[in-house]
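First, the structure itself, so that you have it in front of you.
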């Protein structure tokens, strides 16, 4: 390999990390989704929502201004915390949520750092690691409210993880692949996943609401009893990162949902290996679908109060688990009869 | 009267709640005022900052006596640097003595706008205004001198759109441009 | 049920204000208080509205205002149970700096929490404001004031408010 | 859920020492506490004991009022009960009127009831909104506070102030109905009736709300009576008691209204009863505006003391100014008590006069103070997440309890 291709290769990888699935995209997505959430809630609640930062575009830069504020705030690390865990945990939480994005393709010719036929598995593994750091955050803070928040996170994590995995497994059974791109191509040739297995789609939606802490499952951060839940002791950029992580997770989940259930880049089916037709056009379609899913989920904030912990855990072990098992059975039946 | 409690079945409940939320999402019912780009023109009996009519006031101290937070103090009727008592209003004879030399001054840091002083005044000498949103930069501005107190309060946000509130069947309160 | 007769049976010291449907029972002997209260409760007065004191130069009057939720006839009636206790003489002490500290001892009356549990918070309030120790109260602590107010009894008439000496503007 | 402890003696004897329990200090600077502190002993997720520590906003209203002229207590009692100003004002003035022996004219009585009912609606909406934010529903919070606005506008139109109206004075009221008030009130009432249906869909019958509130924080009828709780909370437990019916004041003896009661006494009933009372208040306001008699709005004893300038103002602007009597009021020696049904419950006033220019003893008890037993008794045995539910459902307002 000559020196020039090596440099190009490195530049391409850097672009991946920084721009496309990477940090810049994440920042834009988080800024937009927070703005969208606040605007949707404001519309239902008879008010304006964020307005005064960049009034001409409806206050869209408000979240950016908040980020700047977090960046310049004083970092306070309480004395009794476990310092390394306290500092590292929010960053790792954010990092794993972001790295998972690398394995989620948005186009038929999307190549990642590690090309693989097991992208579904990789992304799921990384997504599932994230809540462990949430528990670390609660443990490291040495605060009773954070501690209770972490316990709640643990309870919910255990009770909603199995339904989540089962709902994905049922789609894997139908598509007979561990690769998102193959799964999408399967759907393009037949039917979108939400029609093939609506039970799995419903399970996935509920799990998405729960894992990303949207209402009515905003239990770990229930501010009327737990102040700020896990992030009670945090300040400045650490808090900002912690606050942004659920939105990154939300983006991950929405991408997975649109790939597995909404037909990915359907109706775009042109199969050409070209940056525009292979990546940008399908990418736009997938991201738009993901944003619609996110908008639906953040809209729930305007309708629901939150459930209690025991109610959420109970429904997780009963209804949602049942639903996911049924979805697996449905998949098996479909595969037996359709193929 | 007692109502038997019927919990709504969950499916209908969720659907109705979501539908109602969605209805307000596509058909917003905005009630807030874009303050300070729009400001209210308040009704004439609104209790805002007030000042005193120097010609009418007889210096009887009733307002000082009734003031619940003790915000009103009677001061000598003095205006200007030299500390001279200002001349009597036009067409009246200068009267020496306490009767015409005391005047009320309100400490805005204490005033609660109950208007007991305005109502107790036997000659109706207070001039109420509808200005209510003033901010003071300095602590001393809360306690104006008599000369400063006589100036009517300046309305902030002069360039803002003046609106009046109106009861509305659809939105509860609607804001219309003031006449 | 004629409420006037029933009440006069319980106590002879009955002050009646017919116009406002207000009744007041004056108790002269502290030992009788709980018995009277019990018989009033049996009439149907089931909760305490307020417990308070009134401070006089030489005595303190403790008043329980009771009312009824359960009896239809008594719902519109206010009944006050009043008991007066003599205040002990205040003790004056001079400390090392030469300041005179007035030690005003509290007075003691029987508590009616065992009869009407609804008075539990009101009695705590009367304790901290007037220095009335309710004998038999299960949880007689300060309710609103900080503990370092002990002994000042703010609602007694001889309480003087001392401004903090250091004042920072 | 473990067995609930209702006996005060048992409650005091629970041994809460040792490492078994987590002690949470909820408040005073906590989003779910208000200006108070709740010391909570937790066994796992179950509440074992709650000790309410109130007094963080104790404003010594009794002390202040005993050292001021009689009229000056009006703004003081108003500022204690900010969502409920008219009722505090009314209760105090009723007591002073009993001491003075003044009876206000019928039109003033009706105006008092009118403002009181408008205020009751705003108070209940305030309570529903706070309950909403305690359960995490920001929509209901915004809606309820937004829907207070038309009613506060009505108060502003009538009294010249939005919250702290100081509208009721001994002998009558300070302003008469302005022009166009009746039409505006009717529009607002129709709007509110329509909005109550929206509330029903998104809040009252929302399955999540029902799951959170039904059978949570139940206070049985006999316990409610024993603990002496007041207001809508009492009626939610099934006790038929309303000061407006049993100690009629203002124009309530002439008005026709129902007192809704519920059966179960749980948080959901306490939510429903507030909605029901808003409906009753709407009915009452319509009735008052229809029946309101013509006439003076101030008692003759006060009117005769007005000087010519004031009388001119009264005729032209329908505005009652204060004669010097208001400052130098010295009610004859004696004592009086009065009760008023405020939005959160019953206000009780006991005032002793010695014929001096200050009240000798000024005692008042606010509804929130009498609802304190909810914290010590009803929360025990519930989960931590139920504490905000119970707190929100009893519509507790810390500054009001502290006075």
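Note that the chains are named A, B, C and D in the order they appear, and that numbering of residues resets to 1 at the start of each chain.
What we mean here is this: contacts are C-beta pairs under 8 Å (C-beta built on N, C-alpha and C of every residue); 3 or more make two chains touch, one makes a residue touch a chain.
Worth saying up front: this structure is predicted, and the values here are computed from it rather than measured.
**Q** Give the label of the chain whose average Cα location is farthest from that of chain C.
**A** A
**Q** Point out which chain occupies the most central position, where each centre is the mean of Cα atoms.
**A** The most central chain, going by mean C-alpha position, is D.
**Q** Tell me which of A-D and A-B has more C-beta pairs in contact.
**A** Higher C-beta contact count between the two pairs: A-D.
**Q** Mind checking the centre-to-centre distance between chain A and chain D? Centres are C-alpha means, answer in whole Å.
**A** Between these chains, centre-to-centre, one finds 46 Å.
**Q** Could you grab the centroid distance between chain A and chain B? Build each centroid from C-alpha atoms only and quote it in angstrom.
**A** Their C-alpha centroids are separated by 50 Å.
**Q** State, to the nearest whole Å, the distance from the C-alpha centre of chain B to the C-alpha centre of chain C.
**A** 42
**Q** Roughly how far is chain A from chain C, going centre to centre by Cα mean, in whole Å?
**A** Whole-Å distance between the two chain centres: 62.
**Q** Could you list which residues of chain B touch at least two other chains?
**A** 17, 20-21, 24, 31-32
**Q** Enumerate the residues of chain A that touch no fewer than two other chains.
**A** Residue numbers touching two or more other chains: 44-47, 302-304.
**Q** If I count partner chains per residue in chain D, which residues reach a count of at least 2?
**A** Within chain D, residues 139, 146, 202, 206 contact more than one other chain.
**Q** May I ask you to sort the chain touch graph into line, ring, star, complete or other?
**A** other
**Q** Touching residues of chain C toward chain D in the complex: what are they?
**A** 20-22, 46-50, 52, 54-55, 63, 65, 69-70, 75-76, 78, 80, 113, 116-122, 129, 138-139, 143-145, 154-155
**Q** Residues of chain A touching chain B in their complex?
**A** 40, 43-48, 51, 299, 302-304
**Q** Flag every residue of chain D that touches chain C in the complex, lowest number first.
**A** Residue list for chain D touching chain C: 8-9, 12, 54-55, 58, 60, 62-63, 66, 98, 224-228, 234, 239, 241, 246-247, 336-337, 339, 346, 348, 350, 352, 360-361, 363, 365, 369-370, 372-373, 402.
**Q** Can you list the chain B residues touching chain A in their complex?
**A** Of all residues in chain B, those touching chain A are 17-18, 20-22, 24-25, 28-32, 34.
**Q** Per the contact definition, I'd like the list of chain D residues that touch chain B in the complex.
**A** Going through chain D, the ones touching chain B are 68-69, 71-72, 74-76, 79, 139, 146-147, 149-150, 153, 156-157, 159-161, 164, 166, 174-175, 178, 184-185, 187-188, 190-192, 194-195, 198, 201-202, 205-207, 210, 214, 238, 258-264, 268-269, 272, 276, 307, 309-310, 313, 319-322, 324, 326-327.
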